[in-house]
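In what comes next, subunit A is part of two complexes: it sits with subunit B in the first one and with subunit C in the second one.
Now for the complex of A and B:
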């Protein structure tokens, strides 16, 4: 990992008005949840949305803008650069999730009892979810340009959801089971509890996605200048 | 840095991915082998067994989407000591609500929910073989709450 790349990724986002506004909105939602909602609800979904928005720009836009060519003339390993960019984004999204959890805890503490387990579980699950989202977007970003990684992410999610529905009705149970397994590995449903097996699933799938991303990125030709 | 170095394989990441995968496989098999915990019966099995025993039935009205239900699972039913106690003193029957997932419940689940007036989850009902309610616990605020209700039924 490169501390410089991580720090630059963090700095770039913290000076971005859109990112800061989104983070504030998530914190406000968490405060609202502490007064009116189920513990640990709503804000984890917005944290995933934030991961999609920030993860979209991990590598793809740098291909299109031509800045990647300039960066890669530096003596930095391509895989290290990619992983450091992902680490920076994940760190930021996790920080926003942690702030949201703290806001909910503060809001509930004012009213009396804090359901530590439920909020803690929501935070840990949200961290798992956002890690996988960022890793998948980084993987898709290594073989697409600009923000096509997000388009690919949603297209794949939609296609798999449709295939699962179709497979359950039309195909044999074995095929349906296989389609569900693919769908649940790429886009696993977040459990409403602490589940070590689910956490290992998202962490290992994120690691595999990053390994694949590193392999693709190290072989990819980087074009000169902006498109 | 040479061109080859710039494009070298991230060995550490490969090792991390392999270790995580291995841990996933090991945990999966460990869980499959783990037979400890509450031995849940179906509604039919539970009532059948209660008729030939003097133990009360413990109905656990739960739902997959219900977070406090999973907390109850983790803090009470997954505890080996408490689970052994429950298996010894009661006939545990799990009644899972599928209204949200399937749009409706099976007639047995719907009838039992209506009989005991279950409106939220988790709800634990202690009842005899004639389905006469002896105690009830609604919601879950900690292991102590469950232990108190259990004492009440003894």
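Now for the complex of A and C:
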């Protein structure tokens, strides 16, 4: 990991008006949830959306803009650069999730009892979800250009969801079960309470995605100019 | 500290862009790369910098693979077009580049300020890159390439978009890098610029080095002495200079600048009218026209 790249990723987002505004909106949603919603609801979904927006900028857009060429001549291993960029983005999104959880805790503390377990679970699950999102976007960014990583991410989710529906109606139960298993392993549904197995599955999926991303990025050609 | 390329080949699908390129660049040598569009200059530069993987051949820099981190630590690169987070300020961008290049944390500010000052963009240091003109972006591109004092410098059209002052500044910077022993590869379409700063020039055509020309010898000086018509005898001039005149011009190679004065004095004493003496460089335009 490169501290320089992580620090720069964090600095660049914290000086970006859009990112800061998004973070404030999530915090406000958490405060709203503390007054009117179920504990740990709504804001984790927005944290995932924030992960999509920030994770989208890893590698793919840098490839298209020509930024990567300046980075790749510097003495930094490609895999280290990729992992550091992902680490910076994940740290940022996790920080926003933690702030949202604190806002909800503070809001609920004013009214009396704080459901620590439910909010804590929401925070941990949100961290798992956002880690997987960032890892997958980084993986897709290593072999696409611009923001096609986001398009690919949503296309894959949509395709799997359609396949599950189709398999349940048209195929034998065994095939349907297999398709559901694939979908649930790639994009496991977030559980309503703390589930160590789910966390392990998400973490291993993210790790596999990052290993693959590092491998692909190390081999990827990064041409510049007209040729 | 040399850049060595042997038998470099690179294809994109069925199209072979580089067909066995060999080149060497010694420390303190400035080598120009010229050639028509599509000749493979950018592909060659991309292979040298590790952006593209060659199909065959070897690239070694200072005896190591070109993607070795120690080599990268000493490599500077100026792309033709600077693209970076346009929301960044010039200073923030340079600080990041310096840190990535391995400049010690304690020296980053001092070197950043020195480079901004040297390239004449200190006043715009805290403006966003989106507010920079093309020429200012080129200048900041030079800053990021030189901030870590590289040994190997790759310049892709570094004067593109620069005003005359900027062109002169880049010329001075290249001369400074040459003086400190940096090996420089300059890719440019501006033949006049190549003539002024390069020691050697490589003409790339259809994926091969079609022509190599030495513009400046490190161990001798080539001068062209123009004589006034009807004032000299060719045989006499040949006896004094050691070479026969080509028309009215004697192109002669000497070891020291003082030899030029001695030679001119001898020619004048023989009765020849000397009307012009200048350092002789190859006419790149003719080479370009002939080889293209």
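Keep this in mind: the second predicted complex is superposed on the first by the 224 of 227 C-alpha atoms of A that agree within 3 Å, B and C clash if a C-alpha of one lies under 4 Å from a C-alpha of the other, contacts with A are read in each partner's own complex, and residues count from 1 in each chain.
Here, a contact is a pair of C-beta atoms (placed from the backbone, for glycine too) under 8 Å apart; a residue touches a chain by one contact, two chains touch by 3 or more.
None of the values given here were measured: they were computed from a predicted structure.
Looking at the shared chain after the overlay, A:207 reaches subunit B, while subunit C stays out of its contact range. Of the two partner chains placed by superposition, only subunit C is touched by A:12; subunit B is not. Once the two complexes are overlaid on the shared chain, A:117 sits against subunit B while remaining clear of subunit C. Contacts of A:75 after superposition on the shared chain: both subunit B and subunit C are touched.
Looking at the shared chain after the overlay, A:83 reaches subunit B, while subunit C stays out of its contact range.
By the touch criterion defined above, A:181 lies against neither subunit B nor subunit C after alignment on the C-alpha atoms of chain A. Of the two partner chains, subunit B is the only one that A:192 touches; subunit C does not reach it. By the touch criterion defined above, A:39 reaches subunit B but does not reach subunit C.
Touching of subunit A by both subunit B and subunit C, each in its own complex, is seen for residues 72, 75-77, 219.
Here subunit A touches subunit B in the complex through residues 38-40, 72, 75-80, 83, 117-118, 121, 191-194, 196-197, 200-201, 203-204, 207-208, 210-211, 214-215, 218-219, going by the rule given at the top. Contact residues on subunit A toward subunit C in their complex (touch as defined above): 2, 4-5, 8, 11-12, 15-16, 65-67, 69-77, 219, 221-227. Residues of subunit B touching subunit A in their complex: 1, 5-10, 13-14, 16-17, 20-21, 23-24, 27-28, 31, 64-68, 70-71, 73-74.
By the touch criterion stated above, subunit C contacts subunit A in their complex at residues 17, 37-38, 40, 42-43, 45-46, 49-53, 69-70, 72-73, 75-77, 79-85, 87-88, 92, 96-97, 99-102, 144, 154, 156.
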